[in-house]
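You will see chain A twice below: alongside chain B first, and alongside chain C after that.
Presenting the complex of A and B:
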């Protein structure tokens, strides 16, 4: 009688991976895919929830045409782009500087403390960042003007002037997101093999050359991630701006997300708001693909 | 006029029904009415403002008497409408609607709130002393009624008042506040402004949002004889009166702190409380903040007067809320909610409500000598409520969209990014576009505001 061989993978069947993946996939479908499909469907309808008697008729591309011919949408999108190109270079430069400092050998305890501190702005809720911003940039008792006074400059009306308000929200965004860039770059720097970096240090005393030829290739994937994530994030930046300025004064800080929120949840024109959101999603995908194509390089 | 008659007729009918109740029923009507509703839970939204803190203080009394549990969530004003609209459209759990003056048209036309008549005709759940005629007629009409039907009872009502620092005015040689806007600007403004020392005569909260549209922009239309819309619902902003008012606001800015477009209510109240400005026009509800020594340096220097008059008379800002029964509630919840609304707005608790920091919409409480003596804001507020414009801000469903347009272009005007004339034209054009889409120009909708 032939001896029965023991099954090597007890309890593991064809469907096992499916069951392990199912909860994550279902959750993603529920909270990610379903709302996106719902927004897509809504964007082709006249859908104002405060006018239930008007129904929700299918109107084809009317919402998209309205959005594309809406000057306020374009000006707020342009302002968002201006905001992005203002904050991102500063965040990348400061983040890289911080990461390089933390990557230097020595001072272990201080560096650990600095790493933990970097998480604090990231963990702060956007609305709280906005509230802090309102206090910092208050014309009469804010620390921003106090700081200017120490250096002999007169106080500035931050939140009451268009350029001041724009600068104020940019500074708060830089404060909140520079640590994120620093941590990503630090992770990139820690990927550089020690022996290569050491050899390079022996070959050249130029820190710039070390950064350019040895460390930068390891930073590029992180840089691409930072740019993609920050693009998506700036396009949906709402809470902090709303709390600090409500999009004003005038339309000085009326970023596209503030405008969409207004259309969606003040006017409750969900059809138009969905069309705006879908257009932003398409824009984010295009920008991300561009970044990946231009910047992303695998390190060999 | 027709609408006013309808409201009066409805008030009279309810008054007649309740007047015929036997007086024995008066004593414990609430307990009796609540008997079959014991254990029912009702829910609504409150704001973080003195009027709500006051009713929360008194709530245990209601819950003890009735056995009805009142659940409430405190929400910032800016999110209140959004939260309620989403709740009503998704058939949520709210049994009571907190209706701002400018939401009444939208809530009523969408069928989210029930008319008061639905409940008042049922004697078993109606206060024999309900007395709708005991509310200030302006409040009941503006806050609670739409299209001639009463939906809600006035709760947490405000009038725009002139709060001023009488000590600073005295030091500048004034023994009384300005009676007119012109006087405020031309006589008081120069004397009370010392920009070098960061002192200003007046602060007008003008932050983008409802603060800009309601508190700043509209405040300078009505007293000057202007208005947002004419009788045909076309823009009236280019009329000489409206232009005079808006240009006046622009001129007045030289006596206001720089950056006034970043001032919300808190900043304006604080500027007066800390002595930076001498006068503000604010809602009566901020009286509590200004007399509180932990938030205000004013002490005995605080004085209150009605808002200054314009060429068209004294037409102060009007704001506030009403409480209404939500249509989505079950029958039991509706009855329990109706009991709560009657109690919260009743003459019976009006005095304790005012003493707890609220502002009642009942006339009788302000005749009380103690109340008059204790609260400086009472007399000017009552004077302001004698006459006023219910449609100070239009109350139709299109207001939120129009308010956003005013908020943007009104601030641009103040900043000098556009002229008053160009800004008014822009607001007018966009307002007419919104109203056109709503169907006001093709006869689809009645011209109600």
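Presenting the complex of A and C:
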């Protein structure tokens, strides 16, 4: 892409970029940064709306100390990590398989159809994914148990048991985000120069060595993108889980965003919830720095 | 066409992919045409007498109609605002050189990563103090935190692909920067602007957490109302699934329109 635009003789005033940028930047500062600062301030206060008589005194790092020594917070982070390592390998494997099917020559019409249908899970409202999950994994009339019965397994109470509920939200997440991986890998596969792939196909009949030596290098950038973006998404994951399980049963599906929402808006301990949110923000900033470092280096 | 076992396997594989992608969606739509008795049947019914009763129920329910209206108002307004604010910024990022450009760019992008719960808490408190809870305005503004970056990103990309010679020629003719933006970049960049607007609409339409926290009775959006049916003893499954279908259908159509750009929209250009 032609990038060098009349840099020496710019032909525009020094303040011109400012006028174009100011509206967007000021808006984002106002609605993004200002609330963040507000959350930071709140995180140093005792701030429980259900007890307004206590006032909202500054208590220093007490909220942070409480959060960091709160085993529930750590276990929700740990659970989020477990969720990530459960769904990601499946999404990568299935996504790669789908991408290879879509990349393979032939079957033009069916292939286009499959490619288009991949968009459906991605566009489905996350809350509605949760509603569908409630229907599919219902103990009495859910179709998941019917599938199990067809294969000779007994059905069980998915959403009523800790491991079942965890599996159910994992399956819905895998449904929704596998297409994302598939489309990214497909883009990677189509970057392989045609002649090289043709030559390799003549050279070897093994699909595996084709994948390993020819296609893999083109898949790696997409793989990194998937790993980093999905980690941020899992930290954000709220809608589907909230609708399906509200974090339960017990704390079996209490992912970090769901947990913080409960502390803030069910228990109304906004001081503690703000401290948790700030810690989550710090974690996210580290991840997004990593993301930018790794992924945008070639672009700029 | 030559029929070989490889071809057959390929075709079967593709059919499995299609079934995988569509099944939950199909199951929801099917349930939306079932009577409560059919939905509660165990084992689940695959063949049944379809009924329109659920749709009649939800279209007679002012709560659902109102919620869809609220979703439309919020998603359309925030999208319009995002384009209005974002397109000029994208132009500046695409064509101007200035100090701090890289940092600004990264700041826009990193907004995609932040969990809504981080902002939902303070925005709730601020909105309460400013008496903005349960208004369209608060949702329209807070949705800009993810829509604006999307618009900026996609439009920057689009504007960069417009030949700079056009701009130089216009400048020689004495056009000022704003005229150049309006007369050259807006029309030529229209496809990119449209794609970014559709993404912004989809993301706003689908959002639940902010809407759940920041609205009460008056401006509940469609996902909030659909979720609110999920309480009580005997759930109105048909009605829930009909509402779900009504929510998902418009965004699915939009998503199919921009399906070629789906990955770009979701990764903000991390992959080509």
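As a working rule, the second predicted complex is superposed on the first by the 219 of 300 C-alpha atoms of A that agree within 3 Å, B and C clash if a C-alpha of one lies under 4 Å from a C-alpha of the other, contacts with A are read in each partner's own complex, and residues count from 1 in each chain.
Methods note: a residue touches a chain if its C-beta (ideal position, glycine included) is under 8 Å from a C-beta of that chain, and two chains touch if they have at least 3 such contacts.
Small disclaimer: the values here were computed from a predicted structure and weren't measured.
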Kindly classify A:162 by the partners it touches after superposition: chain B alone (first), chain C alone (second), both, or neither?
-> first
Thinking of the overlay built on chain A, is A:140 touched by chain B (first), by chain C (second), by both, or by neither?
-> both
A:248 contacts which: chain B (first), chain C (second), both, neither?
-> first
Any idea whether chain B or chain C touches more of chain A?
-> C
Report for A:51: first if it touches chain B alone, second if chain C alone, otherwise both or neither.
-> first
Would you check which partner chain A:21 touches, where first means chain B only, second means chain C only, and both and neither mean what they say?
-> second
So, A:204: does it touch chain B (first), chain C (second), both, or neither?
-> neither
For A:265, decide between first (touching chain B), second (touching chain C), both and neither.
-> both
For A:118, is the partner it touches chain B (first), chain C (second), both, or none of the two (neither)?
-> second
Go through chain A and flag every residue that touches chain B in one model and chain C in the other.
-> 140, 265
In the complex, go through chain C and note every residue touching chain A.
-> 1, 7, 10-11, 13-15, 17-18, 20-22, 24-25, 27-28, 31, 39-44, 84-86, 88-89, 91-93, 95-98, 102, 104-126, 141-142, 144-145, 148, 152, 160-161, 163-164, 167-168, 171, 177, 181, 202, 205-209, 212-213, 223-224, 226-227, 230, 237, 240-241, 244, 247-248, 251-252, 254-256, 259, 262-263, 266-267, 269-272
Mind listing the chain A positions that touch chain B in their complex?
-> 49-53, 139-140, 157-162, 165, 245-251, 254, 262, 265-268
Mind listing the chain A positions that touch chain C in their complex?
-> 1-3, 5-7, 10-13, 16-18, 20-21, 23-25, 27-28, 31-32, 34-36, 38-39, 42, 97-98, 101-102, 104, 106-107, 110-111, 113-136, 140-143, 145-146, 149, 172, 175, 178-180, 183-184, 187-188, 191, 221-222, 225, 229, 232, 235-236, 238-239, 242-243, 256-257, 260-261, 264-265, 270, 273-274, 277-278, 280-281, 284-285, 287-289, 291-292, 295-296, 299-300
Please name which positions on chain B make contact with chain A in the complex.
-> 81-82, 85-86, 89, 106, 110-111, 198, 207-209, 212, 257-263, 276, 397, 400-401, 403-404, 407-408, 411-412, 414-415, 417
